[in-house]
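There are two complexes below, and they share subunit A, which is joined by subunit B in the first and by subunit C in the second.
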Partner chain A sequence: MLQSLLDGLVQTLAWPAFGFLLIGMAIGFTVGILPGLGGAVTLALMLPFTFDMEPTQAFAFLLGMLSVTATTGDMTSVLFGVPGESTSAALVLDGYALSKKGQAGRALGAALFASLLGAVIGAIALVAAIPVVRPLVLSFGSPEFFALIILGLTFVATLGRGKMLRSLAAASFGLLLSTVGMDPQSGIPRFTFGSLQLWDGIGLVAVAIGLFGLPEVIDLASRRGSIAGDVTSKVSDVKEGIKDVIRHRWLLIRASLLGVFIGILPGLGSSVAQWVAYGHAVQTSKDPSRFGKGAIEGVIAPATVNNSKEGGGLVPTVAFGIPGGLTMAILLGAFLIQGIQPGTEMLTTHLDLTMSFVWMIVISNLIAVPLALMAVKPIARITTVRSSLIVPPVLLLLFIGAYSESNTMFSIVVMLAFGLLGMAMVKLDWPRAPLVLGLVLGGLAENYLFLSVSRYDWSWLTRPLVLVIIVVAVSSALVSPVRGIWLRRAAVRTVTAGEPSAKERV
Partner chain B sequence: MNKNLRDLAFPVVLLAVSVVGFLVSLGWGFRTRIFPVIATIALAVFCVLEIVNVLVRKARTAPAESPTPTPEPVPAGMSLVEPGAATATAAFVSDAQHKAEAQAEELEGEASIDLKATLVFGAWLVTYALALYVLGFLVGGVAMTLVYMVAGRREKPVPSVLVAAGVGVVIWAMQSYAGLQIASGLFW
Partner chain C sequence: MIARRFGALAGVLALLALGACGTNSDSGGGGDAVQEFYDGKTVKLIVATAPGGGFDTYARVIAKHIGEHIPGQPNVIVENMPGAGHMVAMNYMYNQAPKDGTVIGNATGGLALQQLFGSERVQFDMTKFNYLGQPDPAGNTVLVVRRGAPVKRFEELLTPGGPQLVVGVQSPGSLQTDPAVLLKDVLGANIKIVAGYDGSSAIGLAMESGEIDGFVTSWHTELATTRDKFESGEWTTLIQTDKQRDPTIEAIVKDVPSVFEFTKDKTQEDLMFFGAGDPRGLTRIYFVPPNVPADRVTALQAAFDETMKDPEFLADTEKASLLIDPLTGAQVKEGFDSLLNMPADVRDQLKTLIGGES
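Now for the complex of A and B:
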């Protein structure tokens, strides 16, 4: 394992992988700072550019971008009160409050340094998880992997905050879309309706770009002027922020572990993680009344979690092929593009590649954080760029990205169609992430189902581990509606208890 | 459109898709159809449940809209269900979370998008795609960038030309150095 860790470092630092890491970081830097373009959208946009790359180069490019996006997204939250990423929203509360007090430098120093340490702890967690997870993964057969995929889909769907049915329907629709094209087992075209273009299936890149990219671009296009105002915050006392992090080291460690844990759990997204960490910081503080008014702990906890969860999120993605959230689902798409099967392979023959992920996260943060600290002001000026200047290049990237997937205009048609679907889903308040997740996992799920039925007929359903996973999946699906019914009844009881009964009124 | 009708539209469409998918997949062999059948049944079940959910919600809200006395409103930050359990911390974090998330969601385009603007932009996107097909990515990309910036009076001529030129250079660089196969159009 140590050898693989060293091999991973060598692969990461080898040229041109390191160059791609730097390019990815530069893109992540800009995207992280620009509100409106999220890490997931950028990841989807950049996927087509990895088609011709070697696996290490592709992941250096994508992970370098993703890691830095999470870090720099914090900067606009602190400076302008505008989250660069939805995952940086919790930072607005105390980070911006500190900026308004003239302590922007302190808040930025704390946020960026906590991000760096969080990323390192998350990466260490990924390394530490491998010896624990490996025997488990190696003992799994195709039935267990199939059950795990269903579990992953259920987790993601049930955590759609009050939209469980919609999430499950969207995930099922994604599974159905994954069956379009030639059946890999029998060679029979399915749902192609006579179109040769559909024989290869519906491309993940075109779907992801359409569903997420187009609505974002339309939103950007509808804005006039710059995203944030002029950079007026005073940026000094960065060192004080770093000292704050050291002073609150136990909070940092707790928040990091919390991030790793939340990252590992499929379905609990980054948006949830930051609020859990923020809540934890409030609860463990001796004076919770300071929060929201510029408490440095309110900056440290969410910033730490934001980065530590990436390492945690990679554990189920790499080991079981179950992405923890949307970004990991798109990253899983990159695995498939590279022809790498997550699971056993990633912990045996491709262990060095898995280990290189650890180094990519650590190195990209080690470079990005000092850079961001040194050049806060010029970097923050990116937010003053007018949206009308951003839209044309981004739009062109959408078209090129979709086209590159199959080198046909058909991919652009698919992108536009899914863009329309994405806008409809936004308008009608339907979650889009489960659809992409279903599409990504559908192919894997069908393969595992086919293998399970071929090897064990239907007796695989009675395997103990499969049963356990199915019970967990069903219970997690039932928790939300049962809780809803219980809460409604409790609410009715509370209301009726407060009112005089019919007899009393008479 | 009526909110309930709007809520019903999407699951009904998905239900129709699942029925068509199910019927089509019945024509294949067992191994080929097993997964699509599972997916279509799951989709149909969840859509039906969602439709029922919308209808039940509609039925529940109808009597609530009648002029019957309503209970005292719950004070901000307090839970209706378990008043004792709602700690100040949870209320504060939850309140702050909702505010900040709303802001973040708005920034990520989750907030409702203006329909007219969306339609106009959608039509423009289709035109853009057609231009890329007919003129190729290099000429089409540069031309449509100029159209977007100048015709929409979004930018002055100089920055518009600079951005369009930048777009052209990026496409050329991607074609020449990144090895991307980009369509050159119908005429050249």
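Now for the complex of A and C:
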């Protein structure tokens, strides 16, 4: 094991593989910042250029690109409230709230540093998990996935920040929206109103960009000033963000492990992880009411998980040839191009190659994050530029981001419609995150429930792992409101006692 | 060598940027010579799927090489137009795409059945497209089962009261689903169909965990991607849809019968042939809209055929594990003509069996 780890490192640092890693990173950096053009599309476009490369060169190139996309994709979420990709949407909630308080530098610093540590801790956990990966993954069938998704849905309670009924209503609406489109079991179009555009359902990127991005842009345009408002002089320190991450090191570690776990399980998709991590951050916070208003934990958790899950996702891809998401599916294509047959040999005889993949993710983060951190100060200054200069380019980002999801004008219509809905929800104080969570999990929930029932009838309910997960889900759903009441009472009792990590900085 | 590759990458990035900005092709430039028309033009290759899948991979490799074989050497770029199971791209190609030969389409021929069954969403007539060809071989669909499956031979599924096989399929109406339905409903095989797996990787996971015993797939795809599983005996195949037993199957898995060894009459034979056999193998078709000037169609067809023989193209496809065993445009057209003109009674029965609600 140790030998493979070292061999992997040597392969990664060997010239010219390292050069390809750097080129990949440069491409990933650019693409990550542009919204819409996600890691998956970039990988697909770049795949043909790996035909002439050696395996380590090809994977250095592709993985360097992929891991940096995941890191820099978070930047637009924090700066403008426009998610760089569908996997960065959860970061908008608190990241942009911090920018509006003039703390963009702190938020970016925290997001980037958490990304780096997430990738590293994720890689370590991954290496440790390799012996148990196969039994772990194979113990999850459709019924277990369904139970996990139910568990994910219980986070709705925490995402709503105390507005339980409104959260449930918003999440239900999200679940309903997920039923739009072609029913995957019988092939019957539902709620498509005769439009082919709705056949593939309502696009997550367009919804997230509209729901979160548009209201902020309109708000910015109408109130003049700058994103950071009146606190323009306080472009806060990047170091502060790094310190925040260290202060919340346990959250960081938990989120990293969560990311690895979700990454290892194929079948949950890449958009789920961030919301679960965010929900976890809210649930474990001593003062959940700060979330959505600029809680740094709300930045740290999703940023961490976004990078730690990439390493996790590699495992089922190399070990079974079963990709966990779109990016991993494309990477699998790259394996075949390089004549590498995924299989358990990748965890035994070819372990050094697998280890070199892990190293590539770690090293590209080690290089990219310090570079990005250095650039944060000038970048964060964007939030102090007056809105008349910022609104047009950000609007453009919104439109490009929505359009590039499916290359149709229809996505822009969806984005605008959800933008209006988002504005109404903000105005009337309805939580938006549960809606997105419902949309993300709804399709998966329906699919796995149907598969479970058609495969096992109702006997799937008695599978041990299903029972365990459901018990956890039920207690999670019960604990959260009870804890909320308890915390509120405790807060009333000790009004004056301040919680250091909860200290607001404005 | 390496420096050259780096340079090539930089060039590609520039191209990418161009592609992202959207390149409008001039339509209707005159001139008799095809060469004059294509000179300096950009030809768009519309792929009916999102980036990353088999369709997209084939299209990108073809786009890289086909330009050199079209007179005037136009620049060829790929544009993805995913949606509604290829329907969006197909409708676009028939109704909206410029009919001057600057737009080539790539979608699944499986949509011919939707047209046949009279789906109201079909706004095209597949007998009227101008076909350039198909890069990979048609047909031979197989039923793959894992080692621990309850049956070893297809015959066992036909024994009354015998064991049942759980077969996982994706969405209804796909080439991976219809043959399973027909094996069950036409040949009477004892199969339990679990529908709705989201893609071939979900099916692969269900095979690994033992949730399903088997799935239906294209033999050529398996040969290119999971050959070792068949060689090691982890997977095997029970039945194939080719009329003649495929020697490449025989070389790895011994004695795999054809479905036509089990059909009892002409009706069953027709149902299996049109619903699961050769004509359904027209999957990765390349075409241009109706009414493109004939000389340009001929030039594009020739360019497609030449690309399929181009050693550099073949080297790339071999690297990418893409099988090349091309059909010409004429062969593709012939296939659709036979499929779309099947006897009315066969069509009606097929519609009941696999037509869904359309």
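Please note the rule applied: the second predicted complex is superposed on the first by the 268 of 506 C-alpha atoms of A that agree within 3 Å, B and C clash if a C-alpha of one lies under 4 Å from a C-alpha of the other, contacts with A are read in each partner's own complex, and residues count from 1 in each chain.
Here is the rule we go by: a contact is a pair of C-beta atoms (placed from the backbone, for glycine too) under 8 Å apart; a residue touches a chain by one contact, two chains touch by 3 or more.
Given the structure is predicted, the values throughout are model-derived calculations rather than measurements.
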item	value
Which of subunit B and subunit C A:L45 touches, first, second, both or neither	second
Contacts of A:F399 with subunit B and subunit C, given as first, second, both or neither	first
Which of subunit B and subunit C A:N407 touches, first, second, both or neither	both
Which superposed partner A:S186 touches (first subunit B, second subunit C, both, neither)	both
Which superposed partner A:V482 touches (first subunit B, second subunit C, both, neither)	neither
Subunit B versus subunit C as contact partner of A:G292, first or second or both or neither	first
Broader residue contact with subunit A after superposition on the shared chain, subunit B or subunit C	B
Which of subunit B and subunit C A:I322 touches, first, second, both or neither	second
Subunit B versus subunit C as contact partner of A:A375, first or second or both or neither	neither
Subunit C-contacting residues of subunit A that also contact subunit B	48-49, 52, 185-186, 188, 407, 450
Residues on subunit A engaged by subunit B in the complex (per definition of touch)	35-36, 38, 48-49, 52, 82-83, 85-86, 88-90, 92-93, 165-166, 168-169, 172-173, 175-176, 178-179, 183, 185-186, 188, 190-191, 214-216, 218-222, 224, 271, 275, 278-279, 282-283, 288, 291-292, 386, 388-389, 391-393, 395-396, 399-400, 403-404, 407, 409, 412-413, 416, 419-420, 423-428, 430, 442, 445-446, 449-450, 453, 487, 490-491, 494-495, 498-499
Sites on subunit C touched by subunit A in the complex	2, 5-6, 8-9, 12-13, 16, 20, 50-53, 56-57, 60-61, 64, 79-85, 87-88, 91, 121, 166, 170-173, 194-199, 201-202, 204-206, 208-212, 224-226, 228, 316, 319-321, 356-357
For the subunit A and subunit C complex, residues of the former touching the latter	16, 19, 23, 27, 37, 40-41, 43-49, 51-53, 137-142, 182, 184-188, 196-197, 199-200, 266-267, 316, 320-323, 326, 329-330, 332-333, 336-337, 339, 341, 343, 406-408, 447, 450-451, 454-455
Residue ranges of subunit B in contact with subunit A within the complex	6-7, 9-11, 14, 17-18, 21, 24-25, 28-29, 31-32, 34-36, 38-40, 42-43, 46-47, 49-50, 53, 71-72, 80-83, 88-90, 92-93, 96-97, 100-101, 103-105, 107-115, 117-118, 121-122, 125-126, 128-129, 132-133, 137, 141, 144-145, 148-149, 152, 154-155, 159, 163-164, 166-167, 170-171, 174, 178-183
